[in-house]
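In order of appearance the chains are A, B, C and D, and numbering begins at 1 in each one.
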């Protein structure tokens, strides 16, 4: 029986500023990427988010990002690989301490925003992240874009990896994600989202923008939780996957 | 044979700004309190500092502080006890991750600046810190001002504690530290520093400002590392303690 | 004809995090307190907020706060009066530059949160703020709690002042605001809000919690814009004031 | 008689962390670029620096940088041109307010670090900075690398510009600065520094690394103040220029 994990970002409030609706969205996913105070989050938000995940039985992962609150980690900050390694270590460690106080273990690490993108493309950055994760714990799963440099770096570091794909992003014929600067980059129709989710999960391919089938091997699908109606869409996607015979569970 | 630990703050550089002379001072202490990114420090500074401590064989502890770089953690930020607990957890966790990557363990936790002072006086804050430390690891030693609320909170949480005293601060007849706003609060003469260090370490008392002996039970003495000549003074103090038959070692 | 100004805080988004609904609330007030990057706001949020105020013809003021995003300026940071003076100067200056680029002038300065409260009670802090405002421009109006130390400091500095009162806060018989830690501190009933607004604006007194009338001389009423339904309540209050013969206009 | 301005960065301390030796270096320059809280500086450091400049009669300019303390403004943060315009406005404004409180006027604006470099190369960024400066005041002089996009943008915005050259950086035959990643990029010999300073100031050319003379039209030379011996070198350079008949004065 085919299976897939559903993950979403959470804990991205900061001080007085809320973001997203974690309470509504998290019940529909199996893995949660919790902001660690780099691009978003603060110690008390981290604590509340870990408690919520624990109560829901959702697997908890660290979601490290560039140290840039104002830019929400979406701006690529030029840092040396060794600096990125240290940055990722401290963010994993911060969340780990919160998780330990709540009696749960971290399961995975997924980089955020620009750091995720840089790690997908740049082997030196990918290796820095993999080094940080491996140094912290060989039991952590490294999440990265399917087919990217980060997956390669994770394998080279002896880590378990989880390959991420997207139900709401269009794929190019070469298997890469279509740039958001181009038309038709986002798939907004829920029926097509579900179709792509099932196709990737159960059959290992996506229909590219040119109509050609491209192989996409994935262990987890990214759910975007910060848009209106996100919870309802996540619930529908999960139900649709189950109805199509795809088991939704943590990798 | 009487024994005492010597501790000093370190890793308090930030980005381009150096502080202190850790390389010169750390060889003369037995415990290092490493800034964790709250009042000072950044991931790469933490890494370099942990490496230095490891190379020197100095015990490494977390040095959490209020999240206030500009004020260097010397300003008391009004926070709820639960917020302080979360703050301390994330800072311990950040340093723990760095230490794990370097293959060393954290040994102790000592709060910094205003957080140290608030924890000495305010049981709710002391208990929040003790809760954080105990939740993270029962093997960590909680360092606090001798005779303070933090020591009580550590005991109540079932933690090992290390009681801190000062060779360069004058004591009042009731055993409290003389306020820095009063004259003669600081003991600047090296000979008197050594005398007080020996008296506390070997005999368990200090000569108060009124000339009365007051009991001061201490496991560790604080070395101030950020003043000119700090390394030479630390070396002299350590040598003087040894010459007086006091073993200088980690508690 | 009696007259009153209505003011509200705005521009309190930060980076990716929105706050309040400035577009809905600002049309109903006559003065806007724009966050300046201390407790909230960032350069681009400041620019957009100033543009919105300009388009609406709302008077623009600086809203400086303690440098504490995570605490949203609601935590009192212990700073020397000279530091507070410099802090307020730089925040006024930042907003002034944005306003100048938009071809508008700043009209007033109102401190935020803990800084507002500290300035109401502590003459040294009040004087520091008054010094900053007077040094920047004698044309700026200093807004402060009616009857507070800040109003005194403004007068002493030769500044025009605007005395602030609240339609939704209960007054004690001595004219002070009832502490929020006590019951009945907030007046949530819109009819009673309007009644108090008219009473203060037109007759110069409020009905205290004991039923005794207390004099409250005010030039401006604070509208809270960050609660659900804020815009509708502000519109109703403004209409009610007009219907009662109170002119709503900038002081 | 040929003339040149000497400028240096200053006010780059932050909270407890000092940087540079402004008191020693500033007496030897004619223009000071004061950090504005973006890459370095804080309100009280700004105030002290402006006071020092005023006492020394040194012209004061704003030195805006990317909002990145940890990276000291040396990391290029991807921001939209409009965001950069707002950023520069608020930083100019912050320093302007401090200067106004001290009764002095800002004379120039020089971007810092990565923002300076980006503005030299990227017309959209150069234009954003020029827009900010022109919007704030047509009386401000825009300082930029001689021959760069920023000088062009300043001219297009109708601003007076000051073209900057370097006595301690090697020039390529095309007039560009030799990359620091290449050998011989820095000219460390004081005699050669002076020679290049005189050559640029009095004759309008520099001797490039290949021995070919390249035209370098400059109004100001940059003095690096954060290296050991900076004050003595600055004094010697200034004396040497005077001895060679070059007047050292603000442009």
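Quick note on the criterion: a residue touches a chain if its C-beta (ideal position, glycine included) is under 8 Å from a C-beta of that chain, and two chains touch if they have at least 3 such contacts.
Quantities reported herein were computed from a predicted structural model and do not represent experimental measurements.
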The chains touching both subunit A and subunit D are B, C
Comparing contact pairs by residue number, the option in B-D, A-C or B-C matching A-D for over half of them is B-C
Taking each chain's centre as the mean of its CA atoms, subunit B sits from subunit D at a distance in Å of 42
Here the gap between subunit C and subunit D, centre to centre from mean Cα coordinates and rounded to Å, is 40
Residues in subunit D with touches to at least two other chains are numbered 70-71
Per the touch rule, the subunit D residues reaching subunit C in their complex are 37, 43-44, 46-47, 82-83, 85-87, 89-98, 100-101, 132, 135-136
The answer for subunit A against subunit C in the complex is residues 13-19, 40, 42, 69-72, 74
The subunit A residues in contact with subunit D across the complex are 67-68, 70-71, 75-79
